[in-house]
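Structure, as structure tokens:
When the chains are written out, they are named A, B, C and D in that same order, and each has its own residue count from 1.
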Amino acid sequence: MREPLQEEKVFKDPVHHYIYVQDQTIWDLINTKEFQRLRRIRQLGTSYLTFHGAEHSRFSHSLGVYEITRKIISQFERNSFHDWPKEERLVSLCAALLHDVGHGPFSHSLEEVFDTDHEEWTCKIILEDTEINRVLRAVSEDFPGHVASVIQKKYPKPIVVSLISSQMDADRMDYLLRDAYFTGVNYGNFDLERILRVMRPYKGQIVVKESGMHAVEHYLMSRYQMYWQIYFHPVTRSSEIILRQIFRRAKELYEKGYSFLWMPESVKRLLDNTMSVSDYLKLDEALAQTAFMQWAEEDDSLLADLCDRFLNRRLYKYITIDEPEPYLLEEIRLLFLSIGMNPEYHMELDFPFDLPYDVYRPDRQEGEKKEKAPILLLDHQDEISEISAKSDIVRSITGMHQGQYHLYFPEEPLRDNISQMSLQMQQLFQLNEGV
Amino acid sequence: MREPLQEEKVFKDPVHHYIYVQDQTIWDLINTKEFQRLRRIRQLGTSYLTFHGAEHSRFSHSLGVYEITRKIISQFERNSFHDWPKEERLVSLCAALLHDVGHGPFSHSLEEVFDTDHEEWTCKIILEDTEINRVLRAVSEDFPGHVASVIQKKYPKPIVVSLISSQMDADRMDYLLRDAYFTGVNYGNFDLERILRVMRPYKGQIVVKESGMHAVEHYLMSRYQMYWQIYFHPVTRSSEIILRQIFRRAKELYEKGYSFLWMPESVKRLLDNTMSVSDYLKLDEALAQTAFMQWAEEDDSLLADLCDRFLNRRLYKYITIDEPEPYLLEEIRLLFLSIGMNPEYHMELDFPFDLPYDVYRPDRQEGEKKEKAPILLLDHQDEISEISAKSDIVRSITGMHQGQYHLYFPEEPLRDNISQMSLQMQQLFQLNEGV
Amino acid sequence: MREPLQEEKVFKDPVHHYIYVQDQTIWDLINTKEFQRLRRIRQLGTSYLTFHGAEHSRFSHSLGVYEITRKIISQFERNSFHDWPKEERLVSLCAALLHDVGHGPFSHSLEEVFDTDHEEWTCKIILEDTEINRVLRAVSEDFPGHVASVIQKKYPKPIVVSLISSQMDADRMDYLLRDAYFTGVNYGNFDLERILRVMRPYKGQIVVKESGMHAVEHYLMSRYQMYWQIYFHPVTRSSEIILRQIFRRAKELYEKGYSFLWMPESVKRLLDNTMSVSDYLKLDEALAQTAFMQWAEEDDSLLADLCDRFLNRRLYKYITIDEPEPYLLEEIRLLFLSIGMNPEYHMELDFPFDLPYDVYRPDRQEGEKKEKAPILLLDHQDEISEISAKSDIVRSITGMHQGQYHLYFPEEPLRDNISQMSLQMQQLFQLNEGV
Amino acid sequence: MREPLQEEKVFKDPVHHYIYVQDQTIWDLINTKEFQRLRRIRQLGTSYLTFHGAEHSRFSHSLGVYEITRKIISQFERNSFHDWPKEERLVSLCAALLHDVGHGPFSHSLEEVFDTDHEEWTCKIILEDTEINRVLRAVSEDFPGHVASVIQKKYPKPIVVSLISSQMDADRMDYLLRDAYFTGVNYGNFDLERILRVMRPYKGQIVVKESGMHAVEHYLMSRYQMYWQIYFHPVTRSSEIILRQIFRRAKELYEKGYSFLWMPESVKRLLDNTMSVSDYLKLDEALAQTAFMQWAEEDDSLLADLCDRFLNRRLYKYITIDEPEPYLLEEIRLLFLSIGMNPEYHMELDFPFDLPYDVYRPDRQEGEKKEKAPILLLDHQDEISEISAKSDIVRSITGMHQGQYHLYFPEEPLRDNISQMSLQMQQLFQLNEGV
């Protein structure tokens, strides 16, 4: 067992003011190169192209998740709540700090195209031969395995898992506050201090005192607002589509044997699907952007154009479609072909609910990979109920929303060929409007 | 002359809430690839290694300088102040927006090693064949020249220059607020709205109503605090030293004919000193970080170590030296040599006042390149005085401070060779202290 | 017609930073003694006994409503929206500033007991012989009448009325922000600047661009949160009950001919129901508190106890009752009588929905006194719809909530007579719990 | 000894978010009627007439001082600093909470006229027969005496005294933050959390780690700004002058045997100088305002006018005088007499440094009543120095400032008699300017 730090260390943090480090193990983990790499991965992927403040990194978010977990546990300890297993403090803090360490550059887009999974990489980084692994093994030989199993939600004590992975976990609480701060919106500002005060360990799970119900509603409404205003923002979706198409095109070309002007080893392994942990750790967003800068000069004009679009923010436009009838999509496809566009890339139908986010789902669905413990209220008679049973507001946001489809496309070729388009198509693509 | 936008556009900004764009020219400038490139240059260089929130870009700062300038001018126009030349609005806004467009990656460090000058590059980007130049020429053929001359402080109307370059200009006002926001400190929070309200155009210059003196003192104190707490932070200085050493070592190796594993064309031109505008525009911080990642595997162990230090934040430590006596420095040099260190790189004496910052200097010094108009107070009798003549506080911060020297060095080789060091040297380098 | 002020005046305001006064008429209205009296009336009545920061006055709120109205109109004028009748600017600003000028001390409680109506008093103060009336008449002879009719919602142009009285008016927007600021909660912090940007005058009413729907949802959720967390707070309800009982008891005693130790003339007129405007203007919260201080020493022990309770915050406790069955209430009444309590005063059943607040009601109900224009969205096809037709969230908060009844009572006599109570009653009143 | 509370209680506070009460004694003290009375005494006296948000009470400030003290002690305990005497926790918290309990209405003005002293009243309230005394005696018989002696700065352990009474004590830290919050200025926002982190108990006193010097400078600059922008505001001075004149006139009339229309018993005792503790506790600002409202109708036209001025904010105007030459003052006096003004009241020369505030004084001056421990820095060699020895900034604000004299006067009689005044006098009093 490692000793506590002689003197508490702090990080200045805009969201939590200060982040307090009291354990040598935590300090050492932060200083590993695998953790420092998170400085080069943005927390919100391409959102900075919509909200220019959103340049914050997964490094800062990971510290924030650690800090909220530390505060929750410290509250449990200060109040001597017996249902909190004190010996789980360090494993909880380590899992909180490391839960995102396997994220790659522009993670969600990368994962969709290359079928990788950041959680798997997180566990590999914890369990294989890395600096992180060495720090964790200094605690005990089986400690890396414990930390990984918390992250995999397989740890035998669900209360530990729920700290960093449930419907109201330290992960979500930090990212809502942090993303609100850096984008500059005030939708995500729920009252963290109040929420922490009403959380209780209770019979192996975490519950909320019923008197705190409105504070939880406020947190869930913040989440709802953030999803609609930030995470599902249609301009951000456009940049994600382009990003995914870059990865898709590069993969396609690579598989065809295309010879790239520039192809660093670690990207080659990604395309090859032969990455080791050490290859994976070389991937970061600086590398991705540098690749795009180089590829913007490739001979393949599709790849070059996509990279130029991403770097210089010439994004796809979109139109809203209530019901994507097959005949209409076919008509568009034919139009696009007729004017030299590539429908495989240049028309993308998007339905924002395909995202790895949900506003709130009360029930654990069978077979789902990421089942998250729901939010439980504890009333004066020590009875527990799931929050949507008590709150109209929560019920109203748990239902599936009727979303709209967006059709994304590059506007320039359409404008250039406007004379070849029917009036109806011109109207559909809003080409007759001013700038 | 370009028309105003049909509908005002806005950017969400954490510092100013919203940034309002009302002119087609401004909108078009923002969408050029040269301006979008500023998204890939951090405002505060390496400060993110000390303050993890400080990932904000020069893109966001440039929008902020534009917005403050827009607010000042709008206040002048709303109050119908006759001393403000209304026809200078657009040139002022463009100069505010573009004043930093020539910054390279980690600008100050780059400039020191390669003797480039971001202001010169800014003017080239405005005047040569670029997207920015095309947008400006759409206003009038000589418009690019006007914008450049404002930035070079040669524009015939000093009041226009002083908006973006004086002791209390839109540039400084934005960066103090922005850097405070993203680092998370509250030292930089002066009352912008109050300052804007007391500014007046007066006989060709900008003055401040005497009743606003305390607000200006507050602004200057914010500046003083920010310099000491953020800009001169010794840990940030350490990362800048390493960065400069990377550039220096790469240049040295290149000049010696060393064959790099990885050397992109635009970096070669930088080392060659043969950069064109289009080469320069390919330099960004993603490229720099990618280069460091590649070079961390170079055969040259010095370059490889420096790159690894920068990426994984294994910074140099420092000790404080009141008076750097030559004999002491020589003794250290010999010690370092004796244990295999390279004093050319591994010992760097730093005096923080070498920075391109000053807290406040009331007088324009002859021959200085960057002379900045001082802050002038206008009293009830319409008499003007420089603020340090009226304020004790300002006088106290304008004087030169007695700074301390810091000696930076890599700690590991010293610790590894502690047995070969005298007790005195062990104490000097604080090697006997705990971690 | 009065001229604009030579120089804009400002008030420092914590919510809006500055409040800008540009018209001589507004400046003169603020300086009348009737408006200055609002400094001595709290915005949130007795809420300061629950949230100690909530000492802010109706003076500050009235300035805030004026400022938001000024900003809305200024946005309409800046964008040259033709549907805004420019000539209505001054009458709108005056009505915004004066809409609350008829509030008495602890207004809602006072009105319930004495059946007065602050809106009627507002109109009297505007129309009868007062300093305010003189300032308004300096604009034109019929100007006071115009201002009053806006406040009475009878003004011929509904768009003017809706600025200060609709489901999203300047009044509510200011009080949500202001009450959140002074209580210190962050539930009321919607994005005012965004809401102002999406408001439009359109065919005689105010509408919101559909793209602003989520911002409006956020505003309505803030309202919902504020009602539950602040306005309906059960401890505040307790202090309001005691306050109402003081007024009720004083009235009862006065009507019986009881001789008070202290009875200022203006209070006598209130009890007599013979108040003139000038009597009414002498009522303020300082007077009310002074009366309570004096009456705390009256011979009538009920009045004295109530006053002591209010001043020294010895509030009634409460228990929650799902369904107030008559037999249960009768049982309690008998118990209270049996131990010397006075059920007329000492048991008060409260249902929080009796308040002059509602979260949001989409429809104007026939015959209702305070019908408020609903929130209308304007879509891209220039079609208008009421917001709850488009938003699930809004629908979920417009429905009538199942509230709970609270039974308020003084705890001390129960504790003192615990031995005379059945176990069931002890449990009902939670007397066996710790402190 | 009293037990801790079963469950921590909280107060929502805008400055500290939450105020935590963990001791039964503290909870009971807050619920005494003497402490609740502080709700009816404003923290900033008449400043609300300049800054309309400044309605906050000494109740909220007292809770804030308690909370900061609690945080300091909790930091000392968490870090196990041996120089902190743990047994002094409760006495420190009680003294912090109660240090202002003896303040009367508009305290400073009252004290100047009636020669009372709030600190003496505080001690009487603690030591004589009051609810507070009963709560304190429940701890131990000599506990009230201990608490009082801390407040009187006579407690044998200076470290306890310095927590609530030194150049950087919990009292000042709370009022700077709180007054900044409620007035709405941002000058007072120093980094409390950082300051708390660098404070240390050391050999019987409190010191600050030298690395925290800039944070302390920031705190002192906040203080400097607050004094000039808020506490010494010339409009606030005007309202204080009128207030003092009301008290002075009432006393004068009373001593002459004038028969007041309204004279409550507790005010009579004040004028008589025969107040008991229980009389004193009946004085609050509601009573004062009610008295002014009644006296505004007195036959004595001077008293009536002063009261009307205060209530309706018809304040005295002022002119600035660099050097108040006797001949000039005499000339003014004669002019005032000649047009029927009363120079005893209508001309008041004010020098703002007569206030019970100082920006910072490093040395304890012999014989001074309120000597405050200076701010001490502790360097790496464990040597202590007073901060102004190390900081230029601090030195620059400790010096005595050259202040200006303000001459206050009612403007209306001058305007009404302008024809009788010399041109020079018209200019001096700025009567020829527009409104």
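Operating definition for what follows: contacts are C-beta pairs under 8 Å (C-beta built on N, C-alpha and C of every residue); 3 or more make two chains touch, one makes a residue touch a chain.
Quick caveat, the model's predicted, so the values are computed rather than measured.
The pair with more inter-chain C-beta contacts, choosing from A-D and B-D, is B-D. The greatest centre-to-centre distance from chain B, using averaged C-alpha positions, is reached by C.
If you average the Cα atoms of chain A and of chain D, the two centres end up 51 Å apart. A straight line joining the Cα centres of chain B and chain D is 43 Å long.
Chain B has residues 17, 185 in contact with two or more other chains. Only residues 185-187, 189-191, 214, 217-218, 221, 224-225, 228-229, 392-393, 395-397, 399, 401 of chain C touch chain A when the two sit together in their complex. Interface residues of chain B facing chain C in the complex, by the touch rule stated above, are 8, 10, 17-18, 79, 193-194, 197. Listing the residues of chain D that touch chain C in their complex gives 6, 11-15, 17, 24, 31, 33, 36-37, 39-40, 48-49, 51-53, 55-57, 59-60, 63, 181-185, 262, 264, 282, 284-290, 293-294, 311-313, 434.
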